[in-house]
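Each structure below appears as structure tokens.
The following pair of complexes shares a single chain, subunit A, combined with subunit B in the former and subunit C in the latter.
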Partner chain A sequence: MNFSDFGFWWVLLLFSIPYFSVRYIAKSLNLWRGSFDAVGLAAMSLLLFVNASRSSFAIFICEIIFNYVMVWWMLRQEGWKAKAIATIVIVIDVAILAYFKYINFFVENVIGMAFPTVSKAWIANGEAPGSSAIPPGLSFYTFEMVSFVVDSYKSRKKKPIKALDYLNFVSFFPHVVAGPIERKSSLFPQMESFRFKFTLENLDEGFRWLSLGLFMKFVLADNITPFISLEEFSNAWTVWFNAFLFTLRIYFDFAGYSFVALGLARCMGVRLTLNFVAPYTSQSINEFWRRWHVTLSNWFRDYVFLPLMGSKNQLAPFYLFVTFTLSGFWHGAAWNFILWGAYHGFLLLVLRYAGRPFYRFVGEKFFMPQFISWALTFTSVVFGCLFFMENNTERLVSKLQTLVTPWAYSPSNLFNTISLFNGNSGVALAVTLVLAIGFLLMEHIAIWRKCESEYDLLRSPWIARTLLALTILLAANQPSPFIYFEF
Partner chain B sequence: MHKFLRFSSWFAIAALAWGVGYLYNARYGGELSWLRIMYEQKMALASEVQAPKRVLILGGSGAHYTVDAGLMQQQLGIPTINMATDGPVGLDVILPSVSSAIKKGDIVVLIPEYLILQAKDGFGDRSGQFGVAIGKPGLGGVPAKQLAQDIMLLGVPTLKAVTKSSVDLVEKGRFTGYYSDPITANGDPTVLKKRLKSAWWQLKIKDPVSPHALRRIRQFKKEVEAKGATLVLGLSWIYASTDSQTLGNISKTAEKLSEIAPVLYDKQTLNVKTDSSLFADTHYHLNSSGRRTRTTELVEQLKALNIIRN
Partner chain C sequence: MQLKDSNSKPSSSNAVDTIQGWLVNQIAKQLGINAQTIKITEPLTRYGLDSIDSVTIVGELEDWLDAELPPTLLWDYPTIEKASQYLVNEVGVTPAETATQATEVTTKPQEAPKEKAWGGLWNKISGS
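Let's look at the complex of A and B:
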């Protein structure tokens, strides 16, 4: 669901007012049955999905029916038959995703390398039907459906699943379009016994996550976005600064989305998995991936890395690299995403082999080794964002050349970079950066103070309320699209 | 009870922040507030100027910064008031917002920008918020969804605007905006903006007047005539390309508008200007000499219609 789109909140409101009025009256007359809540949730989710994208909704419904029927059948089979059904479902799910996401890239870039005429003819005849833009949410619900099949296949107790519960598990509106990617064990039991639980505790907790997410998205990400430029490639300072801005934006944008999803779910009494855990406080790239897009990292670990590696533990580094490259490819059918994934895979390998001696060295030679580790990790992430943000391969190469050219760091280039941001827009950017850095500092302080969660300070009663007030006062009036909707 | 009170603080804080935002946006400081103030001043002028015959100029900023109502008053010898406001308010809101100012004997000259004429629904970015700011929510029939969104955003000043206002406060000691300069007794602007940042380029008119705009202007004509006033339409002067598409669309617009009411324009040039030195900051806003020339031309065109007799 697009939380930036007023249409989402409008439809939610238009559905909620009559539905909860009827529910309230029926409850007071003792006519309401608990299961009606699950029906209401399904109706709400499907209505919001139709409103978001009709074409994607059609694919979504077909996939839900197919997956449910196949899982239902699989749970009644044993041995190779169950395995065969699970395999078929996974292959078809992934094939649908691959078709919409990768068919053009595959023909134009992979086949095109060997047979340029095929690629040219493909482009000339127009792209494959429906593949010009990925249907909203396809990646996320496909991953969720695949994990559900695998978890159901592996579960010891082959308990039958109800269609309505499955529908609510996959289509639960706060997370269906951009995650968190929920697992059967965490979300399905909540859907099996779903009831709207609008308690004061749930609402208060939900509002805290909502205010955090809305502030991250509408104040931080959306006010940073207009300043990010991909054009400049000859000034090293500008290249770094744009990568830094993008690094901030992508976190505030996506984590903001996840926290709004978490907050909405919590208001209804549902607990979603925390998808971001202050990733920019990480002191190693390993730690970064435990904190960044947690549910996706876990998904790749459990459904790609571990099955690929099998019992060949000695080849773990190789499969780790392959998994990260695949994860990069999941982010987009373009070379820059593959490079981004490979770059992070490479960093993990460097850490694996050189990490300990390096930490020992830093610990002995420097006063604040943690700060050095954090700075190196954050710089590595910023550098990685260059690959992520730049899908023009030629320009990406030029930027990389600039970054390794010493005279591209000249004082005049620095002055040019600073002078790009003057007048009111410069002040607006400075204010946004102060807010953003203050926000990140609060995460660090929470860790230094050993709080229960990295967001404890930001979610504390009065800071959360202040964030809500600041969101109302400082939100950008032109929200930028959520980055992860493209994936 | 304690929990309930604590939870209520969310709404109290949200309402307080929204209220502060509303005061800034609609009452004092934000761009909308300057537009509202200008509109209210113009309405007050219209109510003060009582004469059996008046000329009221209507439209968006393209009319506000184009017609010199003071000069027109001198040349025509009858009271003339520049009632034009802002294009993004949209035709469907601009027209009813001034209808109460129109009275018997008035000559209403509507000169809408092409942005307004091409709109498919008669609403612009400021339609809903303008109605709320002037105390008439939903004015012009703004759809419920858009109105709800506009009302919500009316309490959101935005970081960009707050920053600009803060800088203004430090540098000038007061808030300013595009429409914050005083207006004359005829409703004309007293300060003309200059184009400083970007170079001039010739505008292209890609579509003719929309069926919706035609319907709404036709309806407006009935409303004006019901009050005993006369409606006259005008085409904007614009710095534009003279390509066949642009000229064709303007020609078609003039033709369609002339089926409703007399249209003031130069049939040779279609009011397309190729000299950017006549213009101030946008393709519609004229500088001082441009305004004088334009006004004199309008006066001649009005006189040629034979509807103005002293």
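Let's look at the complex of A and C:
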């Protein structure tokens, strides 16, 4: 759901007031049954989905019915029959995703390489119907449905599943559009016993996550976004600075979204998986991928990397590279995303084979080797963001050429970069960057102090209230679209 | 999953110590680092443990304990301390060498000298 859209909160309120009023009265008259809560949650989720996108809703409902019926059937079969049903469901789910997300890319870029006339004719005919924009949430709920099929197939106890619980598992409104990509073992039991639990503890916890998420999105991400420019490619300082700003933005944008989802769910008594764990405190790319978009990384680990790897350990590095390249491709049907995934896969292999002797050397020769590890990791992530943010391949190549050209780092270029940000806008950027860096520093301090969670300090009662006040005061006038809605 | 108190019984404490000792040695061997530099409370990625190493070590751990373990063990329990406690308290494994190794592992990595290992920045600053 688009939490920066006023319509979302309005529909939520319009539904909640009559529903919870009726619930309260019925409860006081002893007429309310616990299962009505699950019905109410399903109605709320579906209504919010319809409000977000009617055309996507039609696809979503068809997929939910299809998946539920097939999983229900699969759980009543044994052996090859169950396996065949699971395979058919997964193939169809992935085919639907591929159609909406990749068909144009495949025809224009893959077939187009061999047969340029086919590609030109395809473009001239107006591309495939319905494939011009990806239906919201398709990538996320498809992955969740696929994991549900696999986990159900593998489970030892073939317990029947109820349609309402399955509907609530997939359509639960805080996470349906952009994750976290929940697993059967973590969310489904909560849906089976779902009750609205507006306890003081849940509301307090939920409020703190909401404060954190809203601050990250509306103050940090949205105030940084207007300063990011893709146009400049000849000034190395500007290219680096834009990549740095984008690196901050994408974290605050997507983690902010995830924390709002976490907070909303927690207010109702549902615990979602923490999708980000202070990724910019990482001291290696390995660590970064255990902290960044955790549920997606775990999905690729469990359903791509581990099955590929199996017992063939000698091919493991190749499979690791393939998994990361696929993960890049999941983000979007464009070469820059494939390059971004491949770049991270490559970095992991470099770290595996060259990183250990290098870090051993650094550890022996330098005073604070961990600071060097962190700086190298963060710089690698910023560099990777160049691929992620730039979907114009020619301009991307120009930027890469600039970054390896020594005279592109001239003092005059540095001066030109600084002079881009002056006046009120320069002050606004400076204030936002101070807040952003302070925010990241708090994550580092939480690790340093060995707090239970990396966000403990930022979620402490007074800081949570301060962040909410700052959000009201400093939220950007123009909210930018959530980046991950495009995927 | 919530962990139970690992120190509830002397035998389970020995089992945790034995597994910790085995993991320290195995990880040191796998990563080519000095076992003395490994702290059991430090995330293993800080020593350069990657996905391939994680799966490999769990495979070897399965052979050693003669038990079926989740390949994602070192993701779900990213420190030696947490993984060992999970194995003993939740999975209920008891290494055969418990009795003999319990004394050996009292020299342990928690007492390791603070070298310039991969993950010691915060320890250095905080003085822990």
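Following the convention adopted for this analysis, the second predicted complex is superposed on the first by the 487 of 487 C-alpha atoms of A that agree within 3 Å, B and C clash if a C-alpha of one lies under 4 Å from a C-alpha of the other, contacts with A are read in each partner's own complex, and residues count from 1 in each chain.
Basically, a residue touches a chain if its C-beta (ideal position, glycine included) is under 8 Å from a C-beta of that chain, and two chains touch if they have at least 3 such contacts.
Keep in mind that what you see is a predicted model, and the values were worked out from it rather than measured.
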item: Overlay on subunit A: subunit C relative to subunit B, clash or fit; value: fit
item: First (subunit B), second (subunit C), both or neither touched by A:156; value: neither
item: First (subunit B), second (subunit C), both or neither touched by A:465; value: first
item: Of subunit B and subunit C, the chain that contacts the larger number of subunit A residues; value: C
item: First, second, both or neither for A:306, with subunit B first and subunit C second; value: second
item: Partner chain in contact with A:7 - subunit B first, subunit C second, else both or neither; value: first
item: Touched partner set for A:287, first subunit B, second subunit C, both or neither; value: second
item: Touched partner set for A:33, first subunit B, second subunit C, both or neither; value: neither
item: Partner chain(s) touched by A:448 [first = subunit B, second = subunit C, both, neither]; value: second
item: Subunit B versus subunit C as contact partner of A:374, first or second or both or neither; value: second
item: Minimum distance between Cα atoms of subunit B and subunit C in the superposition (Å); value: 26
item: Shared contact residues on subunit A - subunit B and subunit C; value: none
item: Subunit B-touching residues of subunit A, taken from the complex the two chains share; value: 6-7, 10, 200-201, 203-204, 207, 219, 223, 424-425, 427-428, 431-432, 461, 465, 468-470, 472-477
item: Subunit A residues within the subunit C interface of the complex; value: 282-284, 286-287, 290, 298, 301-302, 305-306, 309, 313, 316-317, 320, 348, 351-352, 355-356, 359-360, 363-364, 366, 368-371, 373-374, 447-450
item: Subunit C to subunit A touching residues, read off their complex; value: 31-33, 43, 45-46, 48-52, 55-56, 71-72, 75, 78, 115-122, 124-126, 128
item: Interfacial residue positions of subunit B with respect to subunit A in the complex; value: 3-4, 6-7, 9-10, 13-14, 16-18, 20-21, 145, 148-149, 152-153, 155-160, 162-164, 166-167
